[in-house]
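Can you read through this structure? Questions will come right after.
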């Protein structure tokens, strides 16, 4: 699909709830882990940023639950990073079930960086990895 | 604020992550718990619904992170339930820090019910508890 | 029961797993939160200890699962702190279901403090709160 | 080491807590997942057992925290299953850090099966996979 990063994972039973499916909150764990793996791969170092008093923060998450992941399901998390506004970036993340390729979940995670005075900006370390597909209209 | 339900909670240290603040996914735990407490209070019984093969499911979550909750913070989750479309309902949920009343987090959780054939509908048990404030424009 | 600290909690649905009961790992969340609340109440300040390069760490946990907590259960966590060996302390923690007083879970959490060179010791801030009941034989 | 099953995993950042290390409760997630993968591999089917009203339950966990896992660490969970008493089995589980082979964590998880009348027994499906090394003295 042209993702910049793909991560393969498997549902663990403790992630499922009384209804026998992965709890809604756990999808955010999956995609946070995928974002960190992606950033690590392209050399964006949280620790180094933090030392320079730069914090990456999520300001908004839009999550679409398409089909429920279940015990034993293997799936991929595909990630694209792009600019969202002057001082914001966004991760577009899709979860597909490997067995049949079904789209299970889609997320748009909007973030920014705060400098040492708490003012939002786009760090160049991140900007150089922005995907060039056009962004969706900003909310 | 005219919430239909308010729940008071306190941050637990294991809910905080490396950055020293509540992890983004944990807010979904907080508001899910608040929704279940609200539904339980108005007599909507998941188990009874399930026996009639009715499942309540989340189809979309819009989450706005305003300020980070931290270790020891006490907060309220305020909840309003209203109709969102012909076959969908939505929970509007706000988290305020008790110490200073600051708005920390806002969520719009859109759900539906699936009958035994997997077709979406609005169960009357839920509809009778819809708040009468007008819904925001549907996405 | 002569606990030094008691905390009242309620099971949240997301803490339950496929089997419909609280997942085994979640009991450690409950009792960790109870220990932190206890220490906070007696004035032991993790942050202040950490500034002096003192870390409290768990070295062993013995957990007995008696009866499973379920959705909606309200329960208490009772805590006693005592000396366990020359350089170790232990928390004895019991979970009782409020509805019928049944003992659901018992834990013995053995910890120590590490000074800035990584050497274990008993910080006086903690020792002054040791319960005087005799310790069980040390493993 | 002669484990019957080995699983390779990697720490995810959301599993780390304020202290910057994997939270104590998360180790139980890791080893539960390893046990389920092991049982699945040898053909023990929870769902099929449950249909016959047989439940596998943990009655006691002994957990030794040797060294803390940290963000980014890759590790293995090695598992051995053996008989523990007439009606109990036990999993011996070790976590080693891959980078240097260091032993990070050891667990002894004692379980039993409950039949439809709640009486403990050893299901033959499990017994045929018991390792033949002698059990440690029973507590």
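Each chain gets a letter, A, B, C and D, in the order it is written, and its residues are counted from 1.
Simple rule for what comes next: a residue touches a chain if its C-beta (ideal position, glycine included) is under 8 Å from a C-beta of that chain, and two chains touch if they have at least 3 such contacts.
What you are looking at is a predicted structure, and each value in this text was computed from that prediction instead of being measured.
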Partner chains that chain C and chain D have in common: A, B
Based on the averaged CA atom positions, which chain is farthest from chain C? A
Taking each chain's centre as the mean of its CA atoms, chain B sits from chain C at a distance in Å of 31
Could you put a whole-Å number on the gap between the CA centroids of chain A and chain B? 22
As a quick test, compute the distance in whole Å between the mean CA positions of chain B and chain D. 35
At least two partner chains per residue is the criterion; list those residues in chain B. 13-14, 23, 25, 29, 32
Contact set on chain B toward chain A in their complex: 19, 23-26, 28-29, 32, 55, 57-65, 68
List of chain A residues in touch with chain C within their complex: 13-14, 16-18, 20, 23, 25, 71
Chain C residues touching chain B - in the complex, by the definition given at the top: 12-14, 29, 32-33, 36, 40, 72
